[in-house]
Structures are given as C-alpha cells and as structure tokens.
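Just so it is clear, A, B, C, D and E label the chains in written order, and each chain counts residues from 1 on its own.
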Amino acid sequence: MDLGTALGLLLGLGFITIGILSNHGDLRWFLDLDAIVVVLGGTFAATLVNYPLKNISNIFKVLGQAFTQEEIGHQEVIEELVIKAELARKMGITALETDLDKVSDNFLRDGLELAINEKDPLRLRNYLELELSNMDRRHSLGQEIFLYMGAYAPAFGMLGTVLGLIIMMTHFSASESGGAIGVEFDVAKKFAELLGGMGLALITTFYGVLLSNLVFLPLAGKLKRKSEEELMVKDIIVEGIIGIHAKDHPIILRERLMTFVPQSKRKQKD
Amino acid sequence: MDLGTALGLLLGLGFITIGILSNHGDLRWFLDLDAIVVVLGGTFAATLVNYPLKNISNIFKVLGQAFTQEEIGHQEVIEELVIKAELARKMGITALETDLDKVSDNFLRDGLELAINEKDPLRLRNYLELELSNMDRRHSLGQEIFLYMGAYAPAFGMLGTVLGLIIMMTHFSASESGGAIGVEFDVAKKFAELLGGMGLALITTFYGVLLSNLVFLPLAGKLKRKSEEELMVKDIIVEGIIGIHAKDHPIILRERLMTFVPQSKRKQKD
Amino acid sequence: MDLGTALGLLLGLGFITIGILSNHGDLRWFLDLDAIVVVLGGTFAATLVNYPLKNISNIFKVLGQAFTQEEIGHQEVIEELVIKAELARKMGITALETDLDKVSDNFLRDGLELAINEKDPLRLRNYLELELSNMDRRHSLGQEIFLYMGAYAPAFGMLGTVLGLIIMMTHFSASESGGAIGVEFDVAKKFAELLGGMGLALITTFYGVLLSNLVFLPLAGKLKRKSEEELMVKDIIVEGIIGIHAKDHPIILRERLMTFVPQSKRKQKD
Amino acid sequence: MDLGTALGLLLGLGFITIGILSNHGDLRWFLDLDAIVVVLGGTFAATLVNYPLKNISNIFKVLGQAFTQEEIGHQEVIEELVIKAELARKMGITALETDLDKVSDNFLRDGLELAINEKDPLRLRNYLELELSNMDRRHSLGQEIFLYMGAYAPAFGMLGTVLGLIIMMTHFSASESGGAIGVEFDVAKKFAELLGGMGLALITTFYGVLLSNLVFLPLAGKLKRKSEEELMVKDIIVEGIIGIHAKDHPIILRERLMTFVPQSKRKQKD
Amino acid sequence: MDLGTALGLLLGLGFITIGILSNHGDLRWFLDLDAIVVVLGGTFAATLVNYPLKNISNIFKVLGQAFTQEEIGHQEVIEELVIKAELARKMGITALETDLDKVSDNFLRDGLELAINEKDPLRLRNYLELELSNMDRRHSLGQEIFLYMGAYAPAFGMLGTVLGLIIMMTHFSASESGGAIGVEFDVAKKFAELLGGMGLALITTFYGVLLSNLVFLPLAGKLKRKSEEELMVKDIIVEGIIGIHAKDHPIILRERLMTFVPQSKRKQKD
C-alpha cells in the first residue's frame, strides 16, 4: 500500500485543522453542505460534460492505484531478463516457452511469447513499442481527469463566492431601500450581517482551493509518477526482450539494462 | 445519444440552483438580460473576429457531436478487419472488391479500395496517414473554438463587472458632490444602493465563470475525447489495411490490432 | 473582404454600449484620453522594446490581412494541378513551360518552374518544403506581435488602476491629515470623492481587458487561421508539384490531393 | 544602435508620467526607495538563487545586445556565398583559402575553412548544425534570465503590498485596542491614515508590474527576436557552405538561399 | 560551494527585512507559527500525495546540489578526450585500458570501457545516449518536485488567508448579532479588531508568495541549470568517445568538441 497518499491527505487536513483552531475558529463553520454541493457538484457536472461516462466510471479504479503500491524492483526485472537471455542463448529461444507460465508480469509473458514466434526483430520492436505507446495513452487519460477536476474545482469555488456575494448584497440592498427605516439605524448589526454573509460566501472558495491543491492536482501527480515508473519498467522489459531475441550476450544485456537504474543504486549492488 | 453531456449540463445548473436557494437567494436575481448581452455577446463578437465565418457557422454541427454518441466497438472493427484479411489471404486482395459496398465505415471502404488498387505499401501508408492527419487537423479546429470561447467568456464577465462598478461609483460620486446635501444624510440607504450596484456588477462575472467552466471548456474537452477515440479507431483501421495489403496472417494481425484495446477488456474477451 | 473581423469588432462595441446604457451609464464616462494614453501608449512602448522597428512598421500591413479575404478554393487549386499533371504526362514536363505565365499563384508558378528544371525529386521536395517553412516562420511573427500586445494591454490597464488608486489614496490621506478639520466633517462628500476616484482608476482596467479580448487576441487568432489556410493550400500545391514531377497518374494525384479537403465537401462535389 | 529599445523604454515612462500628472498625482509619490529595494532587490535575489553567478554576470553584456543593432543583410550574405560558390566551381574549393581572411563573419570563415578540409558532406553538415544548435542554446539562456525576472518582479511587488497591508493593519489594530480612546474619536483622520498606508503598500505592485511589462518581458522578447534573426542568417550560411561544398551551380544555390528572404523583398530586387 | 544560492536566499530575506523595518513594521509580526504550519505543512502534505515517499526522501540530497558547485571545465574535459584520442590512434583503442582507473569521471570511464569492448559504433552510440536520456529523466524529477512545491505554496497561502477571513468574519458577525449591544457602540475598536484579523489572515499569503518566489521556484531553476550544464559536459564526453572509437584525428576531434564551448571563451584560449 502507498502510505504516502493517505498520509499526505490526513496530514494536510490536520494542518488545516490546526490553522483553524489556532485562529480561534470553529471546525463546524467549515462544514457547509451547500458549499460542498456547489463546488464538488459543479466540478462533477463539468467533468461529466468533459468526459464520456465510461471514463468517469473508471475513476475509482484509477483512484485506487494512487493508494496502492506495487514495488517494482528494476534489479529483479533485469535479473529475470538476464536469466531468460542465458537460457535463450544456450538452448535457443524456443526453450523459453516451457517456463512461460511462471512469468508473473503479463507484459513480459506476452512479449516473450511474441519473441518466440516472431522472426523479424523490427516487427517485434514495432509491436512492443505500439503496445507501450497505447498503454501510455490509456494511463495519461486517468491523470488528465484529475487535472481537469483540479482546474474546475477552484472555478466553482469562486463561482460559489460570487453567487454568495450577489445574494448577500441584493438582500441587503432590498431590505434597506424597500423597508421602512427605523429611527435608530443599527449600523453595527447590519455590518455584522454583511461580514457574516461574506464569510459564508468565502467557504466555497476555501473548498475549491483545498480540493484542487490537496486532492485533485496531487493525485494527478501521483498517478503520473506511478505511470512513469511502470512505463520505465516496461521500457526495460522491451529492451530486454529485444536483446533476448537478438541473442545478445547476457553480460552485455545486463550492462545495457542497468543504464535504466540510477547510478547510486548500481553502486550499492556492486 | 451521449447522455453525459446533457446530464452534466443539467446537473451543473441544478447544483448552482441549490446553492442559490439554500443561500436564500432568488433565482430571478440571476436572470439578467443585460449581463447575458455583455458576456455572451462579447464572447460571440470576439469569436467572430477570431475565426472566419465559415468556421463559426460550423459550430452547431460540431456541438451536435458532443451530444451524440456513436458507439465504436474496437473489437468489432478488429473482427471486421481480420475477416477481410482472411479473405484477402485466401482469394487475393481483389476479392475484397465484391463486398466493398457493405462496409459501413467510409474511411475503411475508401482505404480498402485504395489497398486494392495501390501496389506500393509505402505509398498506401502515406496516403492513409495523410488522410488521418488532415482529419485530425479539421477536428482540432472545432475543439479550439470552444477553448477560445472558454477564455473570452470570463474576460467579458470581468469586463462587465468593471463596467458596472465604474457606472455605480461615478453615479454615486456625481449624485453626492453635485446635488444639495440634506440635513439628515441617509447613510444606510446610500450604502444599500452601493451594495446593490456591486451585486449587479458581479452578475457578469458569475455568467462568465459559469459559461466557461460548465459549458465551453468541458464541451471542448468532450469534443477532444470524441476526436481521440475516433482517431484511435481510424488508427486500428490504418494498421489493419496495411496488414491486409501485406497479406499478414490473420492471427498475427488480430494480435497486433489488439494492442490498441486496453488489457482489461482483452481479458474479458478471452 | 473579410466581413467577420469588422462585424465582430462593431458587434463587440455594440454589446458593451448596450451594457453601459442599460446600467444607466453615460458613454462619455468611458471616453478617457488619459486612460487611453496609459494603456495603449504603454502597450505600444512595450511592443517597441519587444520588437525591432521594422517588424512593428509591418503591423498595419499584417492588420490589413485580417480584414481582407482571399477565397482560396481547394478544389480549384486541385483541378489546376490535375490539368497540369495531365499535360505533363502526355507531353512531358517541359510542356508546362508555355503556360507558366498564366498561373496566377506565385508559389505554384515558381514551384512548377523549379520542377521543370530540377531532376532530383528529393531536392525538389526539400526546396519546396524549405520555402514553406520559411513562409510559416514569417507569418507566425505577425500573429506573435498581436499576442504580445494582448498580454501587455491588461498589464498596463492594471498598472493604470494601481496608479490611480495610489494617487487617490495619497490625495485623500494628505488632504485629511494635513488640513484643518472642520467641525462638521462631511463623510458623504469624502466617500463620494473616494468612489469617484476609484471609478476613474478602473477605466484603464476596462480598456486593457477590452483591447486585449476584443481586439488583440482575436486578431492574432484570425491571422493564425488565415495563415493556416494559406499554408494548407500551399501544402496541396507542394504535393501536387511533387506528383506532377513524378508523373503520377492524374486520377491518383487528384485522389491524394482530395485528402486535404474535408470529407463533407468532397461528397457535395461527387 | 537599436533605437527601438531605448525609445520604447522612454516612451513607456513618458506615458506613465502623463498618466500620473493628468490624474493630479505627484511624481515624487512614485519614487519610493524602500519599494525599489523590495521589488528590484527581491527579484535580483531570486535570480541569484535561480542562476549560477557566471550567467548573471553575463547579464549586462546580453543587455547591451538589446540596445545595439547589427543590420545583417540577408541579400549581402547570399551574394557573398554565391561569389564563393562561383569561385569554388571554377577553381576548386581549395581556391577559397586565399581570401579566407577577408571574410568578416567568424561563423562563415570557420565554416568555409572546414568545408575546404572536410571531404564527407554529411560530417560537414553535422558539424555546422551542432555549432548552430549550441549557439542557440547559449542565446536562449540570456533571454530566459529576463523571462524569469519578468515573472519574479510582479511576485515581489505583490509581496511588498501584502507586507505593507499587514504592517498598516497591525499598526492600526494595535494603536486602537491598546491605547486609551478619547471622547471624540476622529474617524476621518484614522481613515485617511488607512488609505495613506494602502497607497504606500500599492507602490510595490506598481513597480513590479511596470518592471515586468515595460522592461524585463519586452527585453526578453527583443533578445529572442535578435537571436532568431542571427540564427536565420546562420541558417543561410550553413545552406550556402553545404552548397559550395557540393559544388552546386551558383544560380541554383542563389535560388535556394533566396527562399529564406521574404517574397516581398525578393520582388524589389528583381 | 555555490555561494550564489546561499547568498541569494540571504539577500532576499535581507531586502524583505529592510522593507518591513522601513515601513515601521515589527519583524515579530511576521513570525507566525500557525501560518507556517498551514503554508509549509500544507505544501508538504500535497507533495506527499503527489510524489512517492522515496522521491521525497531524496529531496535533501537534491537540495544539497543546489548549494554545491562542481566546476566542470569544458576545456579540461576536451583536452582529456583529445589525449585519449591520440593514444587510441597511435596504439589502438585497447591501449586506453591501462589508464582507465585514473579517469575520475564515472561516466567517461564507463563509456571508454564500453568503447574498448564494443565493436559496433551504432550500438556504442545507442548505449551512451540511452544512459544520457535516463540520467536526464532522473535529474528532471528533482527539479519537478520543487516546481510543484512552488505551485502549492501560494495556493496554501491563499487558503490560509481565506480561512482566516472566514473565521474573523464569522466571529465578528456572531459576537454582534448574538450578544447584547451596549448603548455606546465602539466602532473604532471593532474596526481595529477587523483590521487586525485581516492582517493576520494575510500572513499566510505573505509566506506562500515568499516561499514560492524566493525558495522553491528559484531552487528548481538552479537545479535545472546545473543539470543542463552536467548534461552538456556529458554530451561532449559522448561525442568524444564516439570520435575516439571511430579513430578520428585528434585535431578534428578537438575542433568538433570545441563547438560546445562559447565562441568568446574559445578566443581566450587561442
């Protein structure tokens, strides 16, 4: 499990809570159902216009990925590929077919299967890279939805504030110019009403900025990072399969694949 | 029909309505014809300067696409291509000519016709990719207009607010410094007038933000998604036609085309 | 003539005028020479720093293009190219030389002349594409100037407002703390003065936003569209000349060139 | 000398001065050393963090380029290249060596020298393009520094305003709640103080916006234009040297190089 | 050590301090632990959601690079490469193996080792460029984190201000409308309270803007510059190793590598 995502969200809410309490604020003032309806509802509605339903229904599955962690060890993948390369060098590439079921990674298994059947190295590379670019295209869609929500949320937050200000001002104006004015005009009370209305109006801005900067944009960032890491492992696998297919010497293959691993980590290994 | 677009627009208006009513606002305050003239009129005028008339007259046709849904099944297209590939492999590529009229997709039909007549695979690919890139160019124009409108609308909303504030302030200033000042200056009434004017001025900002973030930008996003999906199907068709022309084995062709389909969906099929 | 540009500008001013009058504003309040000096003058000065004089002196010529319309029919260009291709196929490419003077488009004429003299198809293509990319480079400069003006105008509008607020506030502060305070302090008059000053200060913001969003940015957009369309016609011409040079069959050439024309328009022709 | 840069800066300051005076402002109000320290000092400090010292020390040299003008005539360069091409065609490329010292442009001289020594046309092109791309990389660094300063200046302007507002508000609040309150509270005086403080606070915003939009961003733009023009001349030289090396016919070479010159200017020549 | 980074940070804080003191502010007003918790805590929490823990734990190591300076002399690297090239030309490439341990730069040593073992120049180049592009990918991640923090900090600053305003306004409103109103309403005291609350609320905006524009964004810029310089040295090394492998003449090799060095510096050398 990726504790960072959950921890970050909790910490963020915690820091905001500290900020509210230390300013002698009341947490209940910040729980406003109507404000949530305008900001979250508006953001959801705009997303519904922006994306086909099937992409949106995918959102929770994509969201799950931001909270889980599949520790993908570059070194382990490289070792697995080098072992396959040794086998293929000694016994021919068809020898890989027997252990194919034991390969856990789908992409590696499909790729090896193709490498066994395909003669032409160029077509093998084309196929693998097409698969990668299509995977990238599907991944970036998930991130994109959160980026869009991160852009819509503050807009609807601002919309709610403008809406609240219009109502407050029109109310104030209407009650004054229309109603009978008493002898003792209570300035203080009116002013208090005005400020209270402004405070309420600002709550949607608060939600919009918070949702965008603590939830939507960072989640889009996390998904992007996860996708980049997965694609880097897939890049290693593609280079490895090409090398196995070309019957590269396992030592040279490992050296080439190790360029994908940060130099600092390589040191530790040696 | 793409229910998402209509549903999103309705939901968005619904949530805003809830926000207005729950704040004890009156919906009529938010229907201001003059504000609509400034924001929508200004946006339309700027778009008229920005785009040739023929592009703008296309806008409603493009808009229709955001509300309709042509469910394009990747799998069906792939199956159709594989069947054609089998036929071409057994009976020669000219055998495809007989059933050409039954092909519903224009792009596929034209492409197959070309594949039958053209010998050189490179020229076939060039032709198909030129067609695709030109189609992409025409599609992105439609999205672009909505993106521009999404940028102009808040600007004209802000312009209307500034305009309203200038009028209100100049009025206030003129009425005071010019007129005779009575013994009992009615602060409350003046202040109410001021706030009323400000409330009115903010309405154009409200329209600008709403139109941009619920209508124009999300519609541009939906059109972009639709175009991307259509182009992906076209990508499959191009790869398929190239494969048929090269007399690829139908099984290998299907495998290659399946890389365009998300792995999760491929699983369900098996 | 491109009526859209002029019509859009007039409509935009019309809608703003309606907005002013319906808010009981006075059009004269919005004609402020000093505000124009700050916004337009500042924008012009920044552009003068930004661009060499010779680019700026070109601005009115470029501006003219946004108001004129050279209806370039894709179909006519294609037909002309197909006729040339037929001639070149039957009589040899040198036969094109006789009618060269009748070709109205400079680019087509120069291209055909080169096609007659140049043997190597690759060098012919290189030359034509170099010409195109240089033309594109020159075009985009004209659009860029308007984009920059569209960015500077609101900045100088805001600058004018800040400047006006500083003056108003310092005046107010100086007159109060420095002068003798009478027995009856006239709050209303002071407040009216304050609001009047603020209203004046906002006028530059009004100009900046209006100039940017109704004039500069849309003009840049229109120039971009015109340039794109011209380049697409040039693309057709390049493909056509290459085809003529390669002695492609006129029917195949027309088919390839037609991919540049939207499918809907192609239908109408058939 | 490039008069445009200096003229633009002077004009810009002039227009702002007119704006101040016509609003009955006092120029001395806008000369505030503390504000300059916060905005210009902060921008300088941020630039110091952002760029290595050696890049910043280069800034004045780069700045000089924005004020000087080296009129580079495309036509003259082309003529010089054509003359070299004629010589190389008649007498062999080594004949160029004798007049090499008379070539004023460093890049052209080094390029010709290489063309004489290098046999392989591909390596010659690689060398020249590597030189060009490295020159481009160094140029864009100079522009980039001004772009960054144009982004930091308004931020520090805003920072100064926020800082001023905090001080003013805390002062006001402290003086009131802490001190003894007299019988006759002088509202007008307090309000005047408040507005005076706000006016002072806004001065840093004024500086930030002015520096960014009249100085930093336009200078970055000018440097970019100068660099683009120089690179275009260098592009012509590269194409010319390649042509001389390939012993192209001088007439064909001139024709190819002329594609870099706008069609309008070419006309005048004929 | 890179004094610029530390100097810039200190200078920036110094200029801000001058700005505070010269405005008769008190530095203690600007030290607000709660504000730090909201802005820095919120930024940290958002970064935690945005990036995997292992990337964030790297942050201090990356930060160190912004403060240290490894003066990499282009000329020295080039001389070293030329010496190696001379040796390889005279004695064969395997002669490089003896002195390999004395090469201090890891990348150069690994590259030379590969050049000795690898026959195929294309595979050698592929390997070296793969290594470079992966190094670039890892570098840009470090810069990216700071760019994100530079975007989150002002957002949380604004969030804190909105939060503070909501609390202040609700407090004010609650205390008025709920409590009994005395005969003599103390306007001045209330107003002082209000302004004090606003001042406090603005402190988070102050922190957000300062952290973003003096710390996070400039640090990201510095890291980007350092990475670019390192990659340029690596580019020189790659070109050099390729040249050594191809047994280029040392003089030609030096000439080619010198294109990476600014022309001004080359002059000094001659």
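Keep in mind that, in the parts below, a contact is a pair of C-beta atoms (placed from the backbone, for glycine too) under 8 Å apart; a residue touches a chain by one contact, two chains touch by 3 or more.
Just so it is clear, the model here is predicted, and its values are computed rather than measured.
The minimal number of chain-to-chain contact steps leading from subunit A to subunit D is 2.
Under the touch definition stated at the top, subunit A and subunit C share these contacting partners: B. After Cα superposition, the angle needed to carry subunit B onto subunit E is 145 degrees, rounded to a multiple of 5. Centroid to centroid, with C-alpha atoms defining each point, subunit D and subunit E lie 23 Å apart. Centre-to-centre spacing of subunit B and subunit D amounts to 38 Å, using the average Cα coordinate of each chain. Those residues of subunit E in touch with two or more other chains are numbered 187. Taken in their complex, subunit D has these residues touching subunit E: 34-35, 37-38, 41-42, 44-53, 55-56, 106, 114, 127, 130-131, 134-135, 137-138, 148, 152, 155-156, 158-160, 162-177, 181, 185, 187, 190, 194, 200, 204. Every residue of subunit E that touches subunit D in the complex is listed here, in rising order: 2-5, 7-9, 11-12, 14-16, 18-20, 22-26, 29-30, 66, 69, 186-189, 191-193, 195-196, 198-199, 202-203, 205-206, 209-210, 212-215, 217-219, 221-222, 225-226, 229, 232, 255-256, 259-260, 262-263.
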